[in-house]
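Here come two complexes built around subunit A, the first alongside subunit B, the second alongside subunit C.
Now for the complex of A and B:
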């Protein structure tokens, strides 16, 4: 075991988790959670059938790769925060592991007009402390997020909301300022954790700390939280769903990769969640490891308003010089998918069937690794003799840094000097929207399962704060604006697909890979229905004894 | 030993703490990034929201005002609340201080129990096989980073032998077995330092004339060792012990990561990354206080052990030395 390497990686991963914190947006491969074991697509296919009987499992211990500092996803919204919080708190809607929106605390909803949503709430639901759940709790939860005083990380999800009202003891009406086709994702677990009104009011600013914990209606309740150590949960006897097989959970924060592996091998933990996919070498002997797409994307962003990146030939030259296959195989051990668009195929959920998504993505012009073609493209540009550029990567992403160095090596052969520099995660976050760097990494982990989250923010010319490529293509803008007001999922999906594939051809961004994360479980247990969204819901209720 | 000496040392410590708190505050201000932006996340960072957060945590005020506000509260023993978690700083630190204290205490005990006798042994057997073996072992220990040593320990004692748990602080009664491996990992380098110090000090004493003379008089070897050599070596060794406390505290950052222990080290890393000013300040000062205290205790203990080190006023019966 290479000590120096593991040691380095652990502290980086730790930072990584921090990143995901303040910035639900920013990706962070190591810790981002939506991974799943025994994945249907990549994992051990034989294991997929192992649907254990509903035998009580007692207490299970899982290792998480870094600590969370707050249980409240409104304060820190990294993947691990969701992994813990969604066991405890539910939302109006729920997300299936595959990414479809389903009823949650709302049993049904209707949309009388484009900007109004009426949610009918589930009856007979009680919070884990015994308080009955009513419309007032939903309103209070949303208002707490919207209140600028609270500085909630989730506030953006409700920026377009005009009003939230309890229109009955079990009915909530939300009115928007303008139509938003993706709004339902705002009332799903990624953006709206629902807590009790009284609890929220009484504990303002203290929720999610070791003393105050969380209150929810979910499958589990937290009995103890110690940052940098562990979270203890036990199944909530008042939950409206079926009693989970795992009665007690201990989620231990084990930041060091080597320690984690030993803990797994010595049987101190029953599994490890949210592992970086390049970490799992050596885990096979101790656990069943599964890989799933985690929806995140690692991409280069070219500022198309600045030379030399305003020249499409230059962008194409770089695209042809990027050995994406080599990156995925060599740096990520094949545990990632080569990307040709910003939006991961796992993001289309209920908007478009997977095969249609794949077919549409197959139409995107291909820029395979070919240095001769890259040279030819560069020759056609105004920068035929090459140029010098800088590329910064966050310290929390060593794999991103390796990819940058690989790219720099290829570009050197074209006469382009790429200076690669590691910067702190915080510096990288600050640089991202500053416009100072014409060439950047965009490493993004979506919160929702809606393609508009990425497409609208990074491809629409109107999104001036986030569109770091300054990409402005009328056809794309039109498709994105159209999708915003479109309430029919199928036609909305088609519009978004037009935008995503058109932009992919123009290369304002050069997507490198869609990442995967790994889950390792002892051979005694299985996680049913793994999928990209498995950890944005009560995942532990799907753990069963292995058959 | 006069009270004045103690007061002077305490006064010096206070000034040092003051300077340190200003320095930490200034360094955090100078660091890149914006805590308000980090708190809100990039998508919410509208100018209004940023202004609201800054006003709430007084980040919009001049440096001096921010510092004085913090210092005023701190003097009233109110360390504030963490910007990042909303939890009270004193509660957060209090919970972790115990664990780190136990870890450092155990580490120090191991270092002293292994390093000092090892050093004496090496000195008595100097330039012989035992000395070389001890010295080589200490060289290896010294050059092993704490996290690497930790991983090896976990691998051997936890996975292969199954003697100790691999990670975590344990609960209540089973704290000690959980802390053994981390404390050993933490103590490795420090043990080597103490060993070298002790060896050098004992060798120096062995060569002193009064030792040679004692031997010539036929004083028993054991008596020479305990009453002459070790007594003389005690002061430099004790100084060394005081100094290594700071190293042990610094070492907890890595060791706590490897063994997944929720101590001060891991808290410090998180807080600095987030520029969680109240927490970083409190922690930096706490660590400084601990280091200063260790130094102070060493300084105060020295005159007790060695009368030659007592301040002149303290020994009025002795005439001043003539030059």
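Now for the complex of A and C:
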């Protein structure tokens, strides 16, 4: 789905990128990934269920780095609510920790033609309140999201849907306005939390609050939610999957990094999720800290429609002056990967093998840190004597601010004065796409595992609401437009790769790093199958007692 | 033989030889802080030199207090940072003193509606939590050192206003003031040339105390990102930005923290000492 289809409003993805940054966390690491629970009837075999699953863990407490104001992901209050919601609500499809789409509440699906999807639903599934799960619940969930009156921030994911209907008690047919190669991601966690039809209708606008908790078919059910404090969950005895080892969960909101560490050291919590990579120094003595690529990217965005950024020599000069290796090593302590494209390699999933992705990325022109080269590029530009620019960063992203200061230090040597300013997250969100700041940070946390999510939104000239660089390259537009309707994964992957690599050479954006997020767990427990999508789904069902 | 202490020192005033060890130490520290504030950035022009690849390191290798994540020398940064912290605090103290003296003198000397209005204004300002209001003002205004200093000046002034008003009220009815008025001197002259000089000792002592408070307040605002801009040397900002280095290079956070505390303590001690000295003088 292109950003253009969102009608110019802030897209869900964009909002996510913002709040993510805000929480400083989103990174929660693939906050939204879900490993598919093992099927009770057809579908998955359940062989992925881990050893040790029969060892009960009782109640586990995890610290989250910021509070949640609404549990309803459709109400958008950051991305951390996905960590809760995906434990409770399921989708038609699920996502493995590696990023592959698998059966979820739909055991299978077929595509009779390019614009029609027919999903066969899992039988024997009931909601945590005992209500049977049927096709009507899926239709109601999608319609609630699509209803403009409901103002769901997930609406963008279904903007290309023409109709949704129950074509059987356990069959749903979705018809699209046009072919969409990425549509299956719209019915995966992150875009489609499924609730009960009656519950949705009766509680419209109230779901996700302290009084009206979420209802789902998932592994857990919420027993208490105190905004700004905690969420209590217990395993759902009616869940169709394997009973999780942790019978109860407490997710405590602990915004202060020092307090989180003290809580971990004192044993008050059993783990901390979504830690910033530069926060984990000192955690080693208290917990096992794991790092995973979270698919997010931190990049500079140049407004190519305005001077001086419309001059490619200026953009190249800045690229050569950005010590990305130093940023990753010095600021992020090596817990990130130097980026040379907007789309993280972890985003390509089944569209292209990892080695092909790496090979294609290796062909992107290299802009290594070289101040002499930067000076030479600047001399070729119309701004050879330098200029002054401003760069704002959100207060919740101190590491981004430090990268800005490092860049400012390098640019000063070229005669470019870069004024770095820290602003609130809200102000930063408002600035993005407003056109007020020709140089901006783009800090993006993808919701899906499809490269078009970033590529189409930020590189396609038609995506006026999100293409903050105002990049307009016909070859890139053509490739992206072609990828939209191409339902052959390999062909689609090639088109998207053409767009991504071509744009990377033009530098409308200067990707700085692909980030990692950290998860700290007590040495008594382990999270099985950590991966870029490890938290996009019922992550707590993969918590096991350590060997 | 006459004791040296009995020579050349006005009665009741503290002389150098009369300094207590703690006071002498405070004077020395204050002098060093003043020197750092005035000359730090001039003497250390490369205080902001980065070595980003090296990143945060423990003390050693030519870095007395180690480096931060951008590879900047912490020792040089804390010296350079004295300027924004102490200059800002000094401006707050002086600005507050000026406002306090003007309004306090007018209220104390003129009385009547002027006194009522000034008192109510001071009461109003005293009723609001200064740091909280400054936070709100700085937040709405987008932050910034100048805005924070201005807000603190206004919110610190009530203590000066009340102090000077009380002192002026005391003097107002003394015979020398009545004598001056009987001689036909204009009110402005009476206030400025006769009453005001007699309030100065207590004003000076209070200014030092305000100075100490402003060091902490400004550092707090910088800590919260509402003071100096990113990259500028400032103790509060350093403390905030380097908190996560406690395990990598503790001195990156501890050095500015120690200096904030040290400055506040030294200025408080000096303020108390000055007040004490002038109180003794008054009694004698």
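Following the convention adopted for this analysis, the second predicted complex is superposed on the first by the 493 of 547 C-alpha atoms of A that agree within 3 Å, B and C clash if a C-alpha of one lies under 4 Å from a C-alpha of the other, contacts with A are read in each partner's own complex, and residues count from 1 in each chain.
We adopt the following convention: contacts are C-beta pairs under 8 Å (C-beta built on N, C-alpha and C of every residue); 3 or more make two chains touch, one makes a residue touch a chain.
All of these numbers come straight from a predicted model, not from anything done at the bench.
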Taking the superposition as given, does A:149 touch the first partner, subunit B, the second, subunit C, both, or neither? first
Subunit A contact check, subunit B vs subunit C, more residues touched by chain B
Taking the superposition as given, does A:398 touch the first partner, subunit B, the second, subunit C, both, or neither? second
On the A-aligned overlay, A:255 touches which partner chain: subunit B = first, subunit C = second, or both, or neither? first
One more residue to check, A:432. First (subunit B), second (subunit C), both or neither? first
Where does A:120 make contact in the superposed view: on subunit B (first), on subunit C (second), on both, or on neither? neither
Output check: A:279 vs subunit B and subunit C. Expected answer is one of first, second, both, neither. What do you get? second
Taking the superposition as given, does A:406 touch the first partner, subunit B, the second, subunit C, both, or neither? second
Does subunit B (first) or subunit C (second) touch A:263, or do both, or does neither? first
Output the subunit A positions appearing in both contact lists, the one against subunit B and the one against subunit C. 258, 424
Of all residues in subunit B, which touch subunit A in the complex? 32-34, 37-44, 48-49, 52-53, 56, 81, 84-87, 91-92, 95-96, 145, 147-148, 150-152, 154-155, 158-159, 162, 165-169, 254, 256-263, 266-267, 269-270, 273-275
Going by the contact rule set out above, which residues of subunit A touch subunit C in the complex? 257-258, 278-279, 281-282, 323, 325-327, 329-331, 333, 393, 395, 398, 401-402, 404-406, 408-409, 419-424
Quick check on the complex: what are the subunit A residues that touch subunit B? 1, 3-4, 6-7, 10-11, 14-15, 18, 22-26, 67, 69-70, 75-77, 148-149, 151-153, 155-156, 159, 205-211, 226-230, 252-256, 258-259, 262-263, 265-266, 268, 424-427, 429-430, 432-433, 457, 466
Show which residues of subunit C lie in contact with subunit A when the two form their complex. 48, 50, 52-56, 69-71, 139, 142-143, 225, 229-231, 241, 243-248
